[in-house]
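By letter and in written order, the chains are A, B, C, D, E and F; residue numbering begins at 1 in each of them.
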Amino acid sequence: MEEVTPIFTVHNLWIMIATLLVFIMHLGFANLEIGLTRSKNSVNILFKNTLIISIGILTYALCGFNLMYPGEAFEGAFFGFAGFGISLSEGWNTPAYDEGYTLYTDFIFQAVFAATAATIVSGAVAERMKLIAFIVFSFLYVGIFYPMVGMWSWGGGFLDTLSTPFYDFAGSTLVHSTGGWAALVGAWMLGPRIGKYPNGKIIPIPGHSLPLAAIGVFLLWFGWFGFNGGSVLSANPGEVSLVFVTTAIAGAAGAFGAFFASYIKFKTNDLTMVLNGILAGLVSITAGADAMGLIDAFIIGLIGGIIVVFAVVFFDMIKIDDPVGAISVHLVCGIWGTLAVGIFGNEAGWNQLVSQLIGIGVVGVFCVIGSGALFFVIKKTIGIRVTEEEEIEGLDISEHKMSAYPEFN
Amino acid sequence: MEEVTPIFTVHNLWIMIATLLVFIMHLGFANLEIGLTRSKNSVNILFKNTLIISIGILTYALCGFNLMYPGEAFEGAFFGFAGFGISLSEGWNTPAYDEGYTLYTDFIFQAVFAATAATIVSGAVAERMKLIAFIVFSFLYVGIFYPMVGMWSWGGGFLDTLSTPFYDFAGSTLVHSTGGWAALVGAWMLGPRIGKYPNGKIIPIPGHSLPLAAIGVFLLWFGWFGFNGGSVLSANPGEVSLVFVTTAIAGAAGAFGAFFASYIKFKTNDLTMVLNGILAGLVSITAGADAMGLIDAFIIGLIGGIIVVFAVVFFDMIKIDDPVGAISVHLVCGIWGTLAVGIFGNEAGWNQLVSQLIGIGVVGVFCVIGSGALFFVIKKTIGIRVTEEEEIEGLDISEHKMSAYPEFN
Amino acid sequence: MEEVTPIFTVHNLWIMIATLLVFIMHLGFANLEIGLTRSKNSVNILFKNTLIISIGILTYALCGFNLMYPGEAFEGAFFGFAGFGISLSEGWNTPAYDEGYTLYTDFIFQAVFAATAATIVSGAVAERMKLIAFIVFSFLYVGIFYPMVGMWSWGGGFLDTLSTPFYDFAGSTLVHSTGGWAALVGAWMLGPRIGKYPNGKIIPIPGHSLPLAAIGVFLLWFGWFGFNGGSVLSANPGEVSLVFVTTAIAGAAGAFGAFFASYIKFKTNDLTMVLNGILAGLVSITAGADAMGLIDAFIIGLIGGIIVVFAVVFFDMIKIDDPVGAISVHLVCGIWGTLAVGIFGNEAGWNQLVSQLIGIGVVGVFCVIGSGALFFVIKKTIGIRVTEEEEIEGLDISEHKMSAYPEFN
Amino acid sequence: MKKIEAIIRTGKFEQVNKALSKTSCKFMTTMEVRGFGKETIKSQSYRGTTFDVGFIPRTKIEIVCKDDELEEILTAIKENSKTGEVGDGKIFVSDLISAYRIRNEDRDNDAL
Amino acid sequence: MKKIEAIIRTGKFEQVNKALSKTSCKFMTTMEVRGFGKETIKSQSYRGTTFDVGFIPRTKIEIVCKDDELEEILTAIKENSKTGEVGDGKIFVSDLISAYRIRNEDRDNDAL
Amino acid sequence: MKKIEAIIRTGKFEQVNKALSKTSCKFMTTMEVRGFGKETIKSQSYRGTTFDVGFIPRTKIEIVCKDDELEEILTAIKENSKTGEVGDGKIFVSDLISAYRIRNEDRDNDAL
């Protein structure tokens, strides 16, 4: 049995702290989502977001972890499973398990990641999806689909054994797009909120609290340093500090990208666009946060911030109603960030770009079909959307018999 | 003098970070408490909560630390005191003081814990207790009573020298029940808020902002990883990561326990119950967070989440008005969690269960008498409850001449 | 090339974590500022605060870092510049660069500090300054003026080569006063908000959400442990834990200082004063957080808390309208804290006091002239203040065509 | 038909509401208003400066009733919103020409 | 001149507003009110206890119009705020003595 | 007795309030309302789409006064709420049958 060395202890400590940072991202998501929606649905959103993180932790312990990291026996495979639960291998708490962390640290860090995928969907289907339908969806998507996709690259699956392996450092595709595709399918299958596109026009439905939305984005950025920085899987000073810098610069550049793009396009200083721009920059750098220089990070983030503005407009144009911009941020910028690895930084090159395209394509096809099938079955069985009356009244009263701010309305 | 080694530096770093996590729990408590009460009392609650953490730090420096850890001379004792202030022993900043932390790290970690006990009380007596009465109470309860109780087990006192020592890893009893008993006595002595139980009926008084309440619970969960994880008193990778996992799982299981229990009992998806359920799971695992397996943690948390729903109903039935559910969460689940150490996990056994019962009983008797005496003296001298008129008008105007949201009401 | 040792990894980890803590202070500032102002300007404030942190990171990469730390060639100088961008020296990620951190860690820690200076100004000029004017100001003040000042002491400039070097541990003067002076000049040049001082009377303009203000202060205190603790520039257990304790005690003492002072002076329990008192205590201890004992920290914080109450009243008396009290907190207590280094603790002494006075004076003169010139040029070119009509309508609608809470007003 | 407009203390609303439910008044509309009047205003304080908010939050009740129900309703409101202190509020009565129930074709007295 | 006060379902407001803009009514004032009436109230629940909130949020529309515009406006409101279910609301009409436009010296019918 | 209802710019309220306090009007009730009218609406924008909010926040003042106080009060309101721009608002006057002071037995003119 190997000894618990100081360096192992430091590495492990950092991954545990990164776990906390990713954990608090869930509060960020919750705030962003209630901020950008109407107050009559806030209880519902908080209920969903509170359960998602719980579902993520529990399903990941039940099966997710062993689906995502089934072990060497499944190298290069499309599917693998090492059995239910978490079993303690010998030396689980020493460098024998991994130079950087114990088994439990590994598990809990991955578990808080997992819930992210469903949270992304939550934003896009907000204000109209049935509570129970969303809970069932989350259980299955987080418990089975997300870890299956993750396994392909991070778990040593077939995307990792391409001649030039698919490169997705912290999950632009594996986490953000995986959530984003399901968000797209869900928003499309549900249809828009009542009153969003009457007679082909676009009627904005402003979120009820921009301060909450901004708090959400600050917390997400804060947590993202753990999301990306923890993905180094050790506290290696050079690597983690580089990732911090690229993450900071891409987020800042995203803010400016969205600021300029929306100012030029709409002649307005739209706070919600700047907030989405920050997230866009962060999603974009996620795939290559450890492989970029400062200027690469700046360009990637800036372009992410610009893209997100046009994406928001585009989805409105094709009448996909996404209250918080989740599809634009996580799917579109997730794709952009994944491609960027083939264009900028250490890994750039044609072969890499091809691998990135393969990864994006395979994950996309799988997620669209998978989430589509899930949503379809749910729709046909328990139903997917609340009634018109419930939607107008708000999900807080109709699903929860509660009001988020009983004194103010 | 021993050298400052890398491993000592890591251990110490983790305890300092855990300190910050426990610190931010105070923001969690503040948010939860204002969220679950009416906006006309929010300034008052924020005032109390801001002072509590300050009181905690200052009284702990003045006498608390030396009451709680009076040193070996008082081993097995019921009371000990090493004098006012913090004196720097030689080697205070080396492993000579402790393998895991410096004297100051020890002090500040314990100090932020201390304030927790009074914050728990704050929630139960909210919306009707006089400000000055609460401040006086906090000074004495945090400065004297809490550290006395803590000394019995953590400070090497008589509960620690039982043949099978009382086991309370991070304080289900020593922190949460200690606060919870005083919350019970306080809520009982104050009587219910005007309009809560007219003619024997129960009239709910909904909290004014469920988003704030939910933010509070997320922050508490976040901080709890430091509360429990820091109680390992080192950054030992295996131990801390285990504690992280049990803490995460118990919180998640608590959410589901409360979700199911309240759905079955009331046919409603009550967000406030799920939020209380998470806290219930966390309080429940606190006593044995380092001694449980994953399934143990799940069961303990789940039962905690179920218990809390029935406890809330029970206290309403016996007309103890607890606006935020503090008694149900911290006292009832604190007891459950302490007992659970004798039932599940590594420490389970009859002897342990008996020790746990002794600890629960002794602490309970002491806290009820102690806090009862305190409240009684305060009541007879400065008075404990605001006037009916002040309560109806709200404590913000009557105690602070301020309004929390001057534009909205 | 030196090896990456465990101790280097721990030190570096702590500085990275401290970076995150300072980062989240920006959310604290944003919350405090919107909480203490009217809801019709909240979008504007969030927009500014979101951009400031982005501006800070980007300008610091562009030129700030190399202005502040131009290298040994500029020792004792008044100005130095090592060129645009960040160039990777050999061994940038080993102890060869610094015993405590990599180049990138150094950069990002300093970058999040930088943005603080502009955020302080933001509060004082809130509710009436033109958005574009503020953005231009921030770019130049954060990108050029702040690092120039920082260089004088931290970058080895002339204040550092005084016979008794100017001592400003974490920036009472270099960060807080630097921001505070510009806040004073800005608030003065802009003039008061409409309706604040009609016919020489003082009409309070209450902030719209004290819960947000309190959340802000808790987050700031939380982050301050990184602001001060990170300034140790290593994870040295003894030093960092001492800084934690002095920071905690000074904040707590500041709360009580302001509590008592405002109670005695106004016979009221003013939450906003207690919140400012905490920040006052924190700013005051910042200059000497590593050089004080516990009692010193208590006295410094307590006096800071008392000072801030009188300062707020004073600036109202001379009709400098500072909506959030930024000048009182950051400038006045920044000066007090810097002086306190010469009076209390390890560094106390006449020579030190003189050096402190020199530092305060030089920085003050430079910042007043520098920010004055900047504001003046901006005023003459793009204009500095919104029109009366825009101010009455609120900057959210006039500058952003958005409403922070569209459902509530 | 008569229209009753009563401006009462917000804290008295529950009591008035309960009393009204025992009269022939089965409908009413209420809203939050700000009252400016003789009442003694509690002053507030902010950052060291005391100021009068100038108004007091009040509840306004609007009831439309048949002529012969008027007295009964007035009495119920008056008795239950009274404290005897300055600031109890006022009741105003005016004439109504017609009333309609939106749901069907009921008019005037039938619509109430 | 007549004053129309209509208490309608909040959710119907958009439709009424659109319909009114096609009548001679070009101005109105609306406010959020709480309706107490025959309507079936949805009960809420909090921490295990179910309770009736007692009121329903409604929108009140106030329109002052010339006598000859009355019918047209009444019809527009009635038709567009109707669901046929209990709780649709009421419309009240009363007389007005005079009206003034603040901006200039217009009075009465001219001021509308 | 007359009932005055004035719908004015919210930003003008302070000025009107001050002017009224110099008249014989010592009481009033105000509320936040939404005005739909000729005023030029500032359009808002959200995520790239511009939209009209359709209404403008206004303040409504209700004052009940003796007949002989009417002119004085009307003048005070008109003069102090005027900007001369579209959107200044309206004042409506109607008759009142009776008024009661809740605190005691004062009626009608005595109750004002």
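Basically, contacts are C-beta pairs under 8 Å (C-beta built on N, C-alpha and C of every residue); 3 or more make two chains touch, one makes a residue touch a chain.
Computed from a prediction, not measured in an experiment: that's the story for all the values here.
Both chain A and chain E are touched by B, F. Listed here as common contacts of chain A and chain F: C, E.
The mean-CA centres of chain A and chain B are about 33 angstrom from one another, to the nearest whole unit. Per-chain Cα centroids separate chain C from chain F by 46 Å. One inter-chain figure worth recording: chain D and chain E are separated by 18 Å, centre to centre, where each centre is the mean of the chain's CA atoms. Taking each chain's centre as the mean of its C-alpha atoms, chain A lies 52 Å from chain D. Residues of chain B in contact with at least two other chains: 6-7, 10, 13, 17, 206, 209, 268, 270, 272, 401-403, 408-409.
Residues of chain D found to touch two or more other chains are 31, 44-46, 50, 94-95. Contacting chain pairs in the structure are A-B, A-C, A-E, A-F, B-C, B-D, B-E, C-D, C-F, D-E, D-F, E-F.
Note for the complex: chain E touches chain B at residues 44-51. Chain contact summary for the complex, chain F toward chain D: residues 3, 17, 26-31, 62, 64, 94-104, 111-112. Every residue of chain A that touches chain F in the complex is listed here, in rising order: 202-204, 206, 262, 265-266, 268, 270, 272-273, 309, 312-313, 316, 325. Residues 2, 6-8, 31-38, 54-55, 58, 60, 74, 77-78, 81-95 of chain D are the ones touching chain F in the complex. For chain B in complex with chain C, the touching residues are 4, 6-10, 12-13, 16-17, 19-20, 23-24, 26-27, 30-31, 34, 42-43, 46-47, 49-51, 53-55, 57-58, 61, 85-86, 92-94, 101-105, 107-108, 111-112, 131, 209, 212, 399-408.
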